[in-house]
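These are the structures, in structure tokens.
Two complexes follow with subunit A in common, the first pairing it with subunit B and the second with subunit C.
Let's turn to the complex of A and B:
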């Protein structure tokens, strides 16, 4: 008998005006010791399925139709009190962000002990012993000591291990993991996935893994269910579904996943993914304002030359010099970027990639080294006019599309601001025309100008950011994780857009990402960063095929393998 | 932790010294103390002699030093009005004010905290909406008005409670008097405590409600529920404790305000506490009392803030690492 069986599940959220159906007609089964992956993009309803199983649907959501069985016993119709008894005891849950899912004011021990004692009739000492055992089992060394600590004393990966221990406290039969590794670095992700796989096999637990990441699916799941707009579009064995997708949505989703193993010219944009976002009205760059005045003096040598760049932050102040503490975010980094090239910086969080972007744009002042842009030393610029001229030539696209646009300004004003600030247009009418053209060109349409940023989705906002960055007619574009907050299909569109723009405008790009696969698709040369140091710089293909630095090799080996995925409708470069 | 406490103590001393300077300068700038102390017919020689005896001819830093040393020993000189040592006058009045403030704080916390928790957890219920509307009244009505309203209702119309004074008091030790041990003393405390504490109660209630709403949405509360913990543990051990840091800050400051600014309530109910004495001192330019009151108030605030800072440490383990 399956541990979990979901029959014809329909979840709806009644609203004042209309009822929103989040999930409809979902049938799933999970067996003991097996992992079922539920994959889909944001809004597909995959988390809702998990929440419905564990009985924690957010208000006012409710199960409108269908049945959920745990070991043959129907659980969706149980009264609240009995549902609560199932939670933790029979069904464990793992959340996405380990930094926020533990109570910061309680020790790990007290959180474990209270959970164990809620479910099992154990004395305080027995519960403690069990807690130590669990912490040991999830691979945290020195368990008896560590358990007395507070969550903030653990790193992100370690906290996720604590979360897993908490979910396993009472030997549940089913564990639901909602994006368990999304907030983690690739090396930590690999460890956590390994741990989940091991625990699942050892303890014969059925696992439901909810994720948007095809890599995670390919790596650990036995079966996969693909969801789209609240409906199950494809369901079957993982190798079968990923290798030979049947449904057009699954096909398009799989083809949009960036591959670390093959380099493709363009991401295929399949019609199934709505709003493909091709430019609505092409403008002729050669004659248009955007293309004019691009005749920068060809720089001698590389466009950007960074040598021995260093950035040191003071982390603890003191009057006494010897007691001050510093953190070197960037240590003696040197690299060049040639005109028209896309240079990738890759590394885990805290490796100093974003700091370099901020140093180049002048948001931070470096504590050492030099930055030469088009032959001009940036660190020595003091004249405001020169600084502005430099800034106009470089623009930045940020990671978070939700906080990087001023929510109180209309999109038109957001894009017009840099044009007006740098006095790049002769009249108000011309500014208007340019903004309209830009909006058309990035695939939003001129009508978007009258709206406010909150009316757009994440991908559309990132298009606005790109239009804003182009508005100064830059020659150098810094993209700091431009797609890491986006769904894969949207990511594919944005990456295509960036590629197109680069070719049309001959832009030079610094592309920062933690995602090796994305880097591979976008960059000519790549620098690998770790702890503020640049480990290796190499041509894109060379880096992936013959990595030299041990850290690069480690990073590459940690990437989830995507070989399972179908390569249908991909044009390799 | 110890280093932090010592640092805080040093800061507290600096604050008190600054206030001492202010309160010392009252003597210099609000009238001539000698003129206040003597009658019209005192001769110039006698005045000079008094001036010399009081040390008013010494250099100002010396005088200030003497003032600080004396203040540290609770010697604030002699009241102009009563011709008694200020410390004795305060000793007589302090118990009344402290008792009143303590009861108001107790009332504010005992009623405000549960109401806040309830309103935070049951956001949509009718009762929470009622609490919110009532709390608006508490915030917007001035203290004296509430006091007079209560007197009118319970003393004049219903004649249940006394309208003024402390009732019968019992003496404990050499100088402390308490109304908590007699029936009439307790009855006399009810209305002033409610009047004084109503504002704090509504403030605490609203604060806890807002913080609760915030905390309930966090991941660790969702995760606690997903682990099947009973509501009691989720609400009180996890949610409530996480709301405490801001609540303690505000409650601490408000407690200081209760003690220091009970003046209006004390006037309305003719409560024989420090507030009334201070008002009289202002009317009669009784500078020693005013300056002592100023210092005492500052001292109370500094002590309360110190305790609040220590409490942060006990509640939030994250602070222990960062500052230690």
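Let's turn to the complex of A and C:
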């Protein structure tokens, strides 16, 4: 008998005007010792399935139809009190963010012991022994000592291990993991996934893994369920579904996943992906305002030359010099970017890659080294006019599409602001025309100008950001994780758009990402960063095929293998 | 999600009109659902109406000496013996109609309230924005001034300002100055709240990427503060301003009652209560009680509106 069986589940959220159906007609089964992956993009209803099983649907959500069985016993209709007893005892839960899913004021031991004793009839000492055994099992060394510490004394990956230990406390039959590795760096993600796979087999637990990441699915799941708009579109063995997808949505989803192993020219344009809004109206770049006045002086040598760049932040201030403490976010980094090239910077969180972007654009002032842009030393500029001229030549696209646009301004004024500020157009009518053309060119259509940012989805907002960045007619564009907040299919579209724009306008780009697969699709040369230092700079293919630095090799080995995935629809470069 | 169905035949791209948007909004819906808020809003509107149109609504002009007669002094309200139908709520010791005096007094109270809240908000928002955006020493200096400011109660400030102004200009211009002294001293004791709130929100907003995007474009700090940050921090300010309006009216009444506020020739609600206070023990209770009730009603209504606004704008309480 399956551990978990979901039959015809329908979850709805009654609203003021209409009832929103989050999940409809979902049928799933999970066997003991097996891992079922539920994959889908944001809004697909995958988390709602998990929450419905554990009985924690957010108000006013409710299960409208269907049945949920745990070991043949129906659990969705149980009264709240009995449902609560199931949670933790029979069903364990692993949440996304290990920083917030532990109580910061209690030691790991007391959290574990409390949970164990709530569910199992054990004495305090027995519970303690079990807690130590669990901490040991999830791979935290020196368990009897570490268990006395508070959550903040553990790193992010270690904390996620503690969360897993908590979920396993009462020997549950089912563990639900909702995006268990999304908040973690690649190197830690690989370890956690391996641990989950191992524990699942050892303890014969059924596991339901909810994720948006095809890599996670390919790595650890036995079966996979693909969800789209609340419906289950494909369900089967992982190798079968990923290798030979049947449903058009699965096909398009898989073809949108950036591949570390293959470099493609463009992501295939497929159905089932949210449309940007309006068809792109072609403008003739050569004669258009956007293309004109691009005759910047051709730079002698590289367009951007960074040498020995350093950035030191003060972390603890004091009047006494020796008591001050500093953190070196960037340590003596040197690299060049040639005109028309896309240079990639890759590294884990805290490696200093975003700090470099902020140093180049002048948001921070470096504490050492030099930045030469088109032969001009940026760190020595003091004349406001010169600074503005430089600012105009370089623009930046930010990571978070939800905070990078001013919510109180209409899209038209957001995009017109840089044009007006730098007096790049001669009249109000011309500004209007340019904004319309820009909106058309990024695929939103001129009508979008009258709306406010909140009326757009994440991908559409990122298009607005791109239009704003292009509005100063820059020659150098910095993209700081431009797609990491987006779904894969939207990511594919945005990456395509950036590629097209670069070719049309001859832009030089600095592309920053933590995702090696994305970097591979976008960049000519790549720099690998770690702890504020640049480990290695190499041509794109050379880096992936013959990495030199040990850290690069480690990063590459940690990438989830996507060889399972179908390569239909892909044209390799 | 569910917006599609509500759009009419104008087509999916036509934005609905402003009125339709307001009626359709969650805010308006939450307003209608709270019966007490609707009542408070109606009450506030009526009180504001009679106050601002006092010359049209009031049965008498209590300051027109030609029409006031000492013979009508101390007439009781309509249900008591010796009442006069011309004066429904009675008259004071000089024969002025109480209800008309309340209308006119409320007008002065409200004008003082609005002006002082406006001044306090302008001062507090400006300083809060600068402190929050600049940070460092500028922030430290402004916020220490705010801390010192907090140690002085409004009454003390009003007494100090009043004393200083009279010391400089003499008592001759008292009637001209007292209005401005009131506004200035109430504003001076209320700006700190705005400054603190705006500073906090500004510190959150300035790290958001849209502000960084503006800096990358090259836009100067002053423009970023006014064009980008200010519109994003006004939500909480609106709530404080509403609740502060009620507080400012009460403070004004307190100061006027104590004699440092509006002079008896231009009585506010506080002044009227102060005048009536002298007759409270001699049986003419209505001279003090009716202005007092009007004050209580006004403050209660505005406060209820402010409370609702605070809850409606706070996503956690929805």
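Basically, the second predicted complex is superposed on the first by the 569 of 573 C-alpha atoms of A that agree within 3 Å, B and C clash if a C-alpha of one lies under 4 Å from a C-alpha of the other, contacts with A are read in each partner's own complex, and residues count from 1 in each chain.
The criterion applied here is as follows: a residue touches a chain if its C-beta (ideal position, glycine included) is under 8 Å from a C-beta of that chain, and two chains touch if they have at least 3 such contacts.
A quick note: this is a predicted structure, and the numbers were derived from the prediction, not measured.
Superposition of the two structures on subunit A shows subunit C fitting alongside subunit B with no clash. Contacts of A:20 after superposition: subunit C is touched, whereas subunit B is not reached. By the touch criterion defined above, A:408 lies against subunit C but remains apart from subunit B after alignment on the C-alpha atoms of chain A.
Using the contact criterion defined above for the overlaid structures, shared-chain residue A:331 touches neither subunit B nor subunit C, since it reaches no partner. In the superposed pair of complexes, A:54 makes contact with subunit B only, with no contact to subunit C. Contacts of A:115 after superposition: subunit B is touched, whereas subunit C is not reached.
Once the two complexes are overlaid on the shared chain, A:93 sits against subunit B while remaining clear of subunit C. Closest C-alpha contact of subunit B with subunit C, superposed model: 6 Å.
The residues of subunit A shared by its contacts with subunit B and with subunit C come to none at all. Residue ranges of subunit C in contact with subunit A, taken from their complex: 1-2, 5-6, 13, 15, 26, 29, 208-210, 212-219, 228, 231-232. Taken together, the subunit A residues at the contact with subunit B in this complex read 54, 56, 84-89, 92-93, 95-97, 100-107, 114-115, 118-119, 150, 152-153, 163, 166-167, 169-170. Those residues of subunit A that touch subunit C in the complex are listed here as 15-18, 20, 358, 361-363, 387-388, 391-392, 394-396, 398-400, 403-409, 417-418, 421-422, 447, 450-451, 465, 468, 472.
Interface of subunit B with subunit A (complex): residues 218-220, 222-230, 233, 237-238, 241-242, 315-318, 321.
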